[in-house]
Every structure is written in C-alpha cells, then in structure tokens.
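Next come two complexes built around subunit A: one with subunit B, the other with subunit C.
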Partner chain A sequence: MWWKILSVFLIVYTLIAGTLVPLKPGITYVQPASAPAGKVLTLQLHGYNSFYTKSPESEIRTWLQFDEQHAIQGERIRVLNDTTLEAQFSIPSALPNSSSSVMLNAIIDHPNDGVSLLPSAVEIAQDTFSSAAAWKADVIQGLHVIKDFSYPYRNVIYESIRNTYFHVPMWFVLMFLFIASAWNSVQFLRYSNPSQAAKLDASKGQSLIDFDRKASAYAEAGLLFGILGLVTGMLWAHYAWGAAWSNDIKQLMTAVALLIYLAYFILRRSFDEPEKGARLAAVYNIFAFASLVPLLYIVPRMFASLHPGATGNPAFGSEDLDNTMRMVFYPAIIGWTLMGFWLAQLRFRYQRILDRATGLD
Partner chain B sequence: MLLTLLRKELLLEFRQRYAISGIVLYVFSMVFVVYAASIKVQPQVWNILFWLIVLFASINAVVKSFVQESGNRQLYYYQLADPAMLLLAKIIYNTLLLLVLSLLAFGTYSVVAGNPVKDIPLFALILLLGSLGFSIAFTFIASIAAKANNSATLMAILSFPVIMPILLTLVRLSAIALRLIQDTSYKRDILNLLAIDAILITLTFVLFPFVWRD
Partner chain C sequence: MGKIASQTTNSVFISPKKAFCSMKFFQSRIFFTIILFMTISLPTVLAQGNRDYMRETGKINVVIGVIVLIFLGIVVYVLRLDRKLTKLEHQLKDDKNEWTN
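Presenting the complex of A and B:
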C-alpha cells in the first residue's frame, strides 16, 4: 500500500518540479555573429531567463573566450533590458592560432544571474597570424557561481532538458519490468515440474498459472513503458535532432525489442490448451530476454548514434546531470518504476478475475 | 549417438530430395529477383541484399526441422535418444546446411551481381559464424513454432527480433570484409557474436526439455 502512495507522490513531485523549476540564465545568440580581427566590435548579447537590470552595469563583466588561457574582456557594458546586453570588444589584429578564422565563446558574469556561456558564439576572421600575446591579457576569474534550484541551460536542447525526467526513466522501468517478466517465466518453468509443483502453497494463493499471468502482465506494462519511451524520445528528437524519427540505432533497436514482446503475446495465445501456451511462451520469453540485452546494450555501441555519449558509449553520461537535476531524476526513476509495477499488478489481478469469471481457472 | 542422429538427418534430407531442391531453387530465385530489381548493385546494397537472401533462405530451410516429422515419430525419437542430443544434432546439421546454402547464394550472387568482397578469408569466417548463429536461433524457435498450427507465421515473427543482434553484427562484419568501413578492432565484434551464440546455445539446452514434452 505504502509504495503506491509513494509512487503517486514521487510522480506528482516529478511533474511539478520537472515542469515548473526554471532554467539557469543562458545566452541564446549574439549579434553580429562574425567580425573581422583588429577592430572594435560592438556586440549585443541576448540572454534567456536573465535579469540583467538587477545588477549595476559596472559589476557585470563579459568576455570573448578562445580557450582556457586566451580571452578578451568586454568594455563599456550597457544593459538595454533584462535580456539584452551590449559590450565593446577590442579584437587584437592577430588571432591566437594560425587558422584564417576562430570561433569564440561568449561568457557573461552577472552578480545576480551567475555565469552563462554560449559556445562558438562569434567567428573572428583574420588575414595574417602574428602572435597570441594580446589575448593573454584578460584573465577570467572571480566568477559568480549562483547555487539555486534551477536546471542547467544547454544550447540546442533548451527547455526540453526537462524531458530527462520522463524519457530516460522509461528505459529503467522497461528493463525492470522485463526482468520481472522473465523471472516469472523462470518460476513458471521451475514449478511446472510435478515434484516442484507440490511445493506451491495454495493457501497463500500461489498457483502455477499465476506465474504465467504475472509474466504476461509485466511484459504488457513493459511494452507500455517502451512505447511511452519511444514517444517521449521522438518528441525530444523532433526539437533536438530536427526530426522525430531519424533511424538512430537506439530508436531502431528499441522498436525491434518491442516486437519481441508483441510476438510473445501472439505466441501465448496461439494454442488451444492454455497450459501449453503458457509453457512455450515462458520458454520464448526467457530466450528472447537473452537477445534483448545485446539488442539494447551491445549492438548500439557498434554503430554511430545521435544519443548523448554517441559512439562507444550510448549510456547517459554523469556529466549530463547536475545536482539539481539529480534531485528530480532519481525520485523520477523510483516513482515511475513503482508505477510500472503497480500497473502490472492491476493487469495481473484483472486477468485472474477475468479467467475465474469465464471458468478458465 | 550424435553421429547416428546426424546421419539420420542427412539420410532424411537425401531421401526427401524435393525439400532441399526447393530451398536451393528458392536461393536461385531470390538472387535473380534481387538482380532483376536492381541491375547495378552498389557494394553497400550488395552487402544488405546478400544477408537478406541468406536470412530468408535460412528461415525457410530451418522451419521444416521439426514439422517434417510427425509428432508421434518425434516422440519415438525422444524415447530412443536424449532430447538434448537430438537438438544438438539438428543444430549441427542445420549449421552445415546453412553454410552450404550461403556459399551457394554467395556463388550465384557473385556471378550475376559481381563480387565486391575484398577480404575473402574474413568473409568465409563470417559466413560460418552466420550459419552457426542462424542455426542455433532458428532451430530452437522452429521447435517452439512447430507446436502451434500457424507455424510458418509464428516462425517469422518469433525469430526476426531474436536474430536482429546477430544479423546486424554480421552485416557490420561483412561491411568490413567488403572494405566499406575501416575498422581494425573487428575482432571484438567477432567475440560479441560468439558470446551471443554461446548465451543462446546454453539457453537452448536449458529450455529444450520444456519444449519437447507435451
């Protein structure tokens, strides 16, 4: 009982915290996006979720950064409004490396908003390379790190970072449910042996066919979470990758994995005698689970993927989560998992009642 | 015991020559259909079409493993021999059959669509590994599907998702043999394939006792 309440509580918490907590301030874009070297560049920086007017202009600092050692500080900072800031940069005539153009990151340090960064914000073009000395002058230090309850601002994904609490936990739940399904199939086969079947305690409500019903119920719930995971993933892909379905190896393999369980349901219902169907379906469930693991965890590593971590490691990287996100992400996993098991339990009970009513039990 | 069972499978095949002839003809027909559908076959497409031909031919070759003999005769075999041995004999026999079929497919396909394979020894190894993997998965699924009435449909829907990891690894490995992708660490893929095969064959032996009993 308590875990059902916990599940509802955690999911409500995930929904509220996941949708309402704001993003940290960030920089969406700068104008102009490219400039020649050796001139004074007047740059407009456009913020997101920012409150530039909350601090005096003299305390706001901004840089155009090439790498850890090379940056130039902006001067004459003017705050136009909460989301627009203007600064002048004297770009040295020589670039820090010999290529014909370099991409610079824009950094804003604001006492109230904290630090925000836009990678590769401005492109600076040059004619000749002479020295990097002019770039060493302005050291970035004394940044204001604001610790508040907000999610990191990431370019490309922006607000869709919230999908982390809905898309990613689906795969955890799917795996837990399919493991539970396979485990019940193992139990079914174990107790289908007449000498073992005697050990089942009927007074405790244990019966052989229940293992089959449970295996099927867990697989059904797992399938539902798989479909939800695919749909949330497609929504996310629509905004982050530009297309809902881009034949990413993980998308394909997940679709194939769901086919396994659809085949399992068909096999289970293909026999006239329920016991035979239950036995063969249990066998297939265990066999298919063994190929589900390479399907979801080994094969995607051999192909290029758009997922974070990409080739070599499609797993969810620990650097993708900050502490605020952890405070929602882990409860979300627990909440969705409990919800998944609750759903499966209801399916199982419903099926048992239905079978009793129709005289199949 | 195993040899006797293998001989039985071979004899059975030899006596019902129409079955094996049918499969061979099936391979030929598919090669020509593929060739007629796409006259100029690029190496990339060659690779994928080749494995599709082998996949479908393999399913059709293996599906009869358990249905060609009646249930009563099967029961008789199980009294005489260890069911696990019977299954092992079928897996070994099907591996050989699929190897012959895929070599045949490779031969005819090379004649009509050209042979873009650069690394023949690696490709031969891939064909062997492919036959082994297909044989293990399909033979076991065939034993399940044979218990149902609509076994041909069930065979396809049960085996396609299960064979996917093996098939994708094979396509990738043969792309390396065709020099479509450069990858010096393909030995790890071969190990992956062997690991999947090992898991499947272990499970096959653990689970088969639950399948054959009625």
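Presenting the complex of A and C:
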C-alpha cells in the first residue's frame, strides 16, 4: 500500500515542481535578423523571462560570436525594458571566411540573470570577399553563471521542456512494465514443467496461472503507457517539430513495437483452451520483449532522429538534462512507474476474481 | 419501417435526468464522441482572433495538453476496468449467471 501513496505523492510533486519552477532567462529573437558587413549595426535583443532593468547598463555585456576566435563586443548598451536590450556592433567589412554570409550567435551576460545565448541569431552578408584579417576578436570571459532552481531555456521548445516530466517517463514505465511482463512469462513457462511446479508454494499464494495473469496485466498497462507516450509525443511534436507525425525513426519503431504487443492480446484470446493459449502467449511475449529492445534502443541510434541525444550517447546526457531537471525527472519516473504497476495490479486482481467466479481457477 | 426503427433503438440513449449521474453515461459512445469532438474542436476555438494559444506564452499550453492527455488515458483505462467490475458484480449477485449490463 505504501508504494501507492508514494506514487501519488511523487506525481503530485512532479506536477507542482514541473509546472511552477521558472525557466532560465533566454533570448527569443533579435532585430534585425540580417545585416550587411562593414557597417554599424544597431541590434535589439528580445529576452524571455529576463529582468534586464535589475542591473546597471554599464555592467551588462553582449557579443555577436562567430566561433571561439571571432566575436564582436556590443557597445552603447541601452536597456529599453525588462525584456528588450539595444546594443551597437561595428561589423568589420570582411567576414571571417570566404562565404557570402555567416550566421552569428548572440550572447548576453547579465549580472542578475546570468548568461543567455541565441544560436545563429544574425546573418551578416558581404557583397565581395576581401581579406579576413580585419575580423575582430573580442574576448568573451568573466561570464556570470547563476546557479538557482530553474530549468534551462531552449529555443523552439521554450516552456514545453517541462514535458520531460510527463512524456519521457511514459517510455520508462512502458519498459519497466514490459520487463515485468516478460519476467512473469518466463516464470510461467518455467513452472509449467511438472518437476518445477511442485516448488510453487500455494500457502504464499503462488500459483502457475497467476504468472500468466500478471504477464497479461503488465503487458496491458505497458501498452496503455505506450499509447499515452505516443499520443503525448505527437502533440509535443506538432508544436516543436511542426508536424505530429514526421516518420521519425523513434516514432516508427515505437509504433511497430506497440503493434507487436497488440498482437500478443489477439493471440491470447484466439484459443479455446486457456492453458494452451497461456503457454503460447508466454512464448510470444518473450519474443516480443526480445524485439522491443532493438526496436526502442538500438535501431533509433543508427539513424538520424529528431529526438535529442539519439546519436551515440545515452538518451539523457548531461547536455539534455541539468541538475535541476534531474531533481524532478527521477522522482517523476518513479512516480509514474508505480502508477503503472498500480493499474496493472488492479487489472490482475480483477482477472483473478473473475476466473474464480467463472470456475476457471 | 416504423417497426424496424423502434427495434433498432440504440441503447446509448438515456433519459436526460439520469444522463449525467449514471455510470452508463461515461461508458456510452456519446461520452467518447463528446470528448473526441472537444479535443478536435478546442484548438480551433482557441485559435480564433489571430491568437495561437498553443504557441504563445512559451508553448506552456502544450504541457497542459500533455498532462490532460495522460490524465484522460488513465481515466479511460480505469473506467473500462470499472465496467468490467460492474459486470462481475452483477454476475456474482444472481445465481442465474446472467451477464446483465
């Protein structure tokens, strides 16, 4: 019982911390978004969750950065309001490389808000290529790194980074439930052997058919969380990637995996003899689990994906999840997992009562 | 013609008085149709007047949408289990072993 209360407690914590903790300040966009080389550019930087007025203008610094060697520091910084900053950049007439245009990152260092960065903020175009020697190299150093309880700011997804606590745990729950399901199928087949069946302790409530019921209940709950993960992912994708279904490798493989598990339930119900159906379903379940691991964890890493962290490293590296997010993300996984096992347990208990009432047990 | 029509009256039609307090309502196709309709029409209703509720204020409403979807998914699962339990209760109640709904 205690773990059910823990589940509710952790999910409530996830809902409160996941929705109320603010994002770190960031830069949404700059105006103008493109400028010619060799002129003084007056740039307006628009912040998100920022409080530019909280520090004196002389202490705020800003840069336009090309790479580690090439950056221009902004001059005559004016704070228009909490979310708007104006600065002048004298763009050299020659670009750092021979292309016709380069994209520069905008960086703001604010004593109160900390550092914020917008990648590829401004496009600088040149008509004719001249020597690159004149490009400025202002040093970026002494940045203010603010450590507080807030989530990182990411472009395009903004506040929807909070979905990490709701969409992502669905897949963890699915994995744990399918592991439990496969484990019970293995146990079912193991104790089906007459020599092993004697080892089952009936006084502790162990029975062969319970393994089959548990395997089925865990798989059903896992399927529910898989569908939830897929549907919530589609909603998020519609607003982050521009389309609900973009044939991303993870989307496709997940859909295949869920269809394999759907077939498990069809297989279970297509036998007149429950004993035979249970045994075949257990065998199928083990094969379904064996195909789940490559479908969800191996194949997606071999192709380009829109999902973060899909190449090489584990799905949640240090770049995708900072320490503040970990403090909510791990409790969220535990909370949702316990909720999944709770639902599966209810389903299992119902099935046991039903079987006893209809004389199948 | 009239006879056929009266025979095929769908069981989902419930008296309006009972409609919102009976469990049957939540199990009916009408309920799911309403939910489906609401889900589809909500973005359209909210997007009126050149306002994009899902994209403004840092896409926070996407998070709300995700939470609502998870909640509804779990509720639908529990309601299905509830319906199965009701059937089982009816079955255990009368010895005739009739599967009344």
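A few points about this structure:
In this text, the second predicted complex is superposed on the first by the 340 of 361 C-alpha atoms of A that agree within 3 Å, B and C clash if a C-alpha of one lies under 4 Å from a C-alpha of the other, contacts with A are read in each partner's own complex, and residues count from 1 in each chain.
Convention: contacts are C-beta pairs under 8 Å (C-beta built on N, C-alpha and C of every residue); 3 or more make two chains touch, one makes a residue touch a chain.
Keep in mind it's a predicted model, so treat the numbers as computed, not measured.
By the touch criterion defined above, A:I353 lies against subunit C but remains apart from subunit B after alignment on the C-alpha atoms of chain A. Shared-chain residue A:L343: touches subunit C; no touch with subunit B. Contacts of A:F271 after superposition: subunit B is touched, whereas subunit C is not reached.
When both complexes are overlaid on chain A, the residue A:L295 reaches subunit B alone and has no touch with subunit C. When the shared chain is aligned, subunit C comes close enough to touch A:Y158, but subunit B does not.
In the superposed model, A:V283 makes contact with subunit B only, not with subunit C.
By the touch criterion stated above, A:W236 is placed in contact with subunit C alone, subunit B being left untouched. Across the superposed pair, subunit B and subunit C touch subunit A at no common residue.
Chain contact summary for the complex, subunit B toward subunit A: residues 137, 140-141, 144, 147-150, 154, 157-158, 160-165, 168-169, 172, 189, 192, 196, 199-200, 203-204, 207, 210-211, 214. Interface residues of subunit C facing subunit A in the complex, by the touch rule stated above, are 54-55, 57-60, 62-63, 65-67, 69-70, 73-74, 77-78, 81, 84-85, 88, 91-92. For subunit A in complex with subunit B, the residues that touch the partner chain are 189, 192, 253, 256-257, 259-260, 262-263, 266-267, 270-271, 276, 279-280, 282-284, 286-288, 290-291, 294-295, 298-299, 302-303. Against subunit C, in their complex, subunit A makes its touches with residues 15, 18-19, 23, 48, 157-160, 162-163, 166-167, 170, 221, 224, 227-228, 231-232, 235-236, 239-240, 339, 343, 346-347, 350, 353-354, 357-358.
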